[in-house]
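Before any comments, here is the structure.
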Amino acid sequence: MKILLSNDDSVFAKGIHALHEALQQHHEVTVIAPDRNCSGASNALSLHQPLRIQQLDNGFYSVNGTPSDCVHLGVNCFLEEEPDLVVSGINHGANLGDDVIYSGTVAAATEGRYMGLPAIAVSLASHEGNYFETAAQVVLDIISKLKHHPLPANQILNVNVPDIPYAELSGIKVTRQGRRHRAEGMQPSQDPFGRTIYWYGPAGAEQDASEGTDFHAIANGYCSVTPLDVDMTAHQSLEEMKDWLNK
Amino acid sequence: MKILLSNDDSVFAKGIHALHEALQQHHEVTVIAPDRNCSGASNALSLHQPLRIQQLDNGFYSVNGTPSDCVHLGVNCFLEEEPDLVVSGINHGANLGDDVIYSGTVAAATEGRYMGLPAIAVSLASHEGNYFETAAQVVLDIISKLKHHPLPANQILNVNVPDIPYAELSGIKVTRQGRRHRAEGMQPSQDPFGRTIYWYGPAGAEQDASEGTDFHAIANGYCSVTPLDVDMTAHQSLEEMKDWLNK
Amino acid sequence: MKILLSNDDSVFAKGIHALHEALQQHHEVTVIAPDRNCSGASNALSLHQPLRIQQLDNGFYSVNGTPSDCVHLGVNCFLEEEPDLVVSGINHGANLGDDVIYSGTVAAATEGRYMGLPAIAVSLASHEGNYFETAAQVVLDIISKLKHHPLPANQILNVNVPDIPYAELSGIKVTRQGRRHRAEGMQPSQDPFGRTIYWYGPAGAEQDASEGTDFHAIANGYCSVTPLDVDMTAHQSLEEMKDWLNK
Amino acid sequence: MKILLSNDDSVFAKGIHALHEALQQHHEVTVIAPDRNCSGASNALSLHQPLRIQQLDNGFYSVNGTPSDCVHLGVNCFLEEEPDLVVSGINHGANLGDDVIYSGTVAAATEGRYMGLPAIAVSLASHEGNYFETAAQVVLDIISKLKHHPLPANQILNVNVPDIPYAELSGIKVTRQGRRHRAEGMQPSQDPFGRTIYWYGPAGAEQDASEGTDFHAIANGYCSVTPLDVDMTAHQSLEEMKDWLNK
């Protein structure tokens, strides 16, 4: 299979190297990834300045842009043959619940979907990053299952994997997104010149981590696989809104 | 009502000034918006460098970040009192169909929703920008209806308004997102130093603009109001996936 | 006289507004300045992405680039008539000794000189910024003297003014650059995500602030005027180097 | 000798790899260079956001900043032992005449000088980059001569080398900076969204390329070595200015 591999932690991250290592044993893999850490980039596109791409010594391609830029440039222009699948990751750290909407890792997969390709985002649910090979193996497992069960045209898979040996995984759970508590308040601080600055802090704790959520799966040693719909319409509310909005 | 007003076209854009002008006649409005054009910023957060905020002569606040940064900083830290509503826009140009996932305008509203606040994104469906006051009036109309019909906790409204006089509007339609055709291929070009660069081009044409979509409403002179769900889980696929993923 | 006014603290800084206010009473002034704080930008040119310019409500022009970009774009392309003089400032804080080579304020003047125009950089030697009007008056004084004593083709003036009332100035001194001690060591710190980062700290203290230097003039209540040569060749060393380099 | 090697074309450029290859056969070399192309960065310092450094697979260090940042961070903080020499290059393309003040390659050397270290900037005078090994050998030659003829405390060497085999060099010339004609006018163009943008174009042609200049040396097949003085004071004008400025 021809796979376009990207991520948001940059072309230099350990996670994308581990995933490339595993995928290229079975597939034809091209890596196109950001030249800088783009965690939190969401689906941002670099509309205001031009993109540039360069090949590194290891054959990976590096782009001065976002994860979405990498996939768009690759599929729409740079690659001679269209890939069969877009894979994004392995992210350093989980993408659970509300994280999904901010994640550049998920966004690279979403961009693949918008280009008409099946797509998987994968994250290792720990910042220590001990068992990237576990996540890589899970991706291989899922790819072989997708052959017989293709994803619907509007969907991607968001996969989170516990940072433990593959043999110790409890299994795999199909999950819905949980919810985080609102993030801790930003606090003003000062740069060394005495000017006020504001930094984001770590994400909030789990608010909805009940059974069925991605949080719950990870907390219990399961891989979490959440199908995400790139159509954000709240279909369930359309009828009710028609009632009151036109009054 | 206390309103936090942001956008993605920057604190200097005509659209946000027009909306501020209309809103402040009935509400207490604080403007916090990006210092540069952030069209296409999606829900990006500036996690890798600190934010700075400054007040301009007209009282608006300007932030060296994204639309999501503006709303997060405002609600989570900067404003003394939490707003009752987040409004984002008026965007210069439509945000229809697939645009939604890339739009910084929609993202500012989404961020408000994640902070626990009702939120509206509004766009004027033309790049000429002749009738911002039409869109501003539509926002006022919707705000007064929301008093009696509060939005569900996971939803925001994505409002697109035709660029015509208010009196000529055909009405208001509750819509689902349409779909665009895949964007035109990026073409490589050269910078003045002869190096290869890639620019995004304009968005693709409509692929699904059938009745019921946001595209269809705008094309027929209606305001389009699409409820968006910030939970992206493809709930409809969970059961089926459980069958094949665990085999 | 037609004056192009720029700075490095951004088009929103108090210093450039104060200088514009004073200059425009006697001259025809166009302001083109960076849209963000560019302290420390030196003579950097934005060669890798395109520049954009917009006019603000107060008539000032704002550019997404460096001080050198602003002057280059203004003189080389944007202004219909070539200015007679480039003025840069009033910088918030002194530009003394080694500061000169890093200063975006000085660089805007240097760029003017490279375009063939006389140029003055002016800084208020305090971060409190109480008496910008003093520095503005000093610039007016110097401009009127330059009419009869034009600057040589390779030179610009670097003016530093004490932050005191104009009537209390001790006078004006022609000075040479002093020297700072090597800056305090950068110390590694951590961002809120636990990653190592490095910030510059304040500049080092004076190492050569002896009589005749810019430091000495300011410390004694004088304006400091240092002529700077944009040719950096160490002419005094050419002969001696020829001896040993070709052996 | 312990050498800190940097450049402005980025840690991935062919020129810095060629120079590292040659230097490390005789010296202990650490590479710290920008993660992106910083041509035109001049002496810019990243004062407004923190620096980050990472080690690549080949042992080189990559910094999200300018050439001056790389040298400052290396000497002031990151390296356990202070280097004996800072070398910057090999730049892809000449740094002659007016180029010097904009060059990030020269700036990295200047920063070394400000930290108290001897410093050499080296450029290959062609954009084809066929004979980087010639420039590397010239640097080795100069380093061995500097042992017996140390540079004055305010000076660095700006070396330009013709892009021809080492054996075909006409020799080495000590030169002064020539002058370029004012750059070609920027022309407004449009981005793909129809918005006006401005790009820099190639540098102007030679205006002063007479005998004794760096331009003249290169044009005649010689290496050009220009001593640059990091003190920009126009000492020759101080006395005359005192006369008229205080009247």
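Each chain gets a letter, A, B, C and D, in the order it is written, and its residues are counted from 1.
Following the convention adopted for this analysis, a residue touches a chain if its C-beta (ideal position, glycine included) is under 8 Å from a C-beta of that chain, and two chains touch if they have at least 3 such contacts.
Computed from a predicted structure; not experimentally measured.
Each step here moves to a touching chain, and the least such steps from chain A to chain D number 1.
With angles rounded to a multiple of 5, the C-alpha fit of chain C against chain D returns 180 degrees of rotation.
Because chain B and chain D carry the same sequence, their contact can be compared by residue number, and over half of the numbers here are used by both. Rounded to whole angstrom, the centroid-to-centroid distance between chain A and chain B, based on C-alpha atoms, equals 23 Å.
Work out the mean CA point of chain B and of chain D, and you get 46 Å between them.
Chain geometry summary: the mean Cα position of chain B and that of chain C are 40 Å apart. Multi-chain contact residues of chain A (touching two or more other chains): 36, 47-48, 50, 52, 191, 193, 199-200. Contact residues on chain B toward chain A in their complex (touch as defined above): 36-37, 39-48, 50-53, 66, 68, 72-73, 76-78, 98, 100-102, 107, 110, 114-116, 142, 145, 148-149, 152, 154-155, 171-172, 174-177, 182-183, 185-189, 191, 195-200, 225-238, 241-242, 244-247. Remark: chain D residues 48-50, 52, 191-193, 199-202 touch chain B in the complex.
Contacts from chain B toward chain C in the complex involve residues 12, 35-36, 47-48, 54, 56-58, 62, 64, 191, 193.
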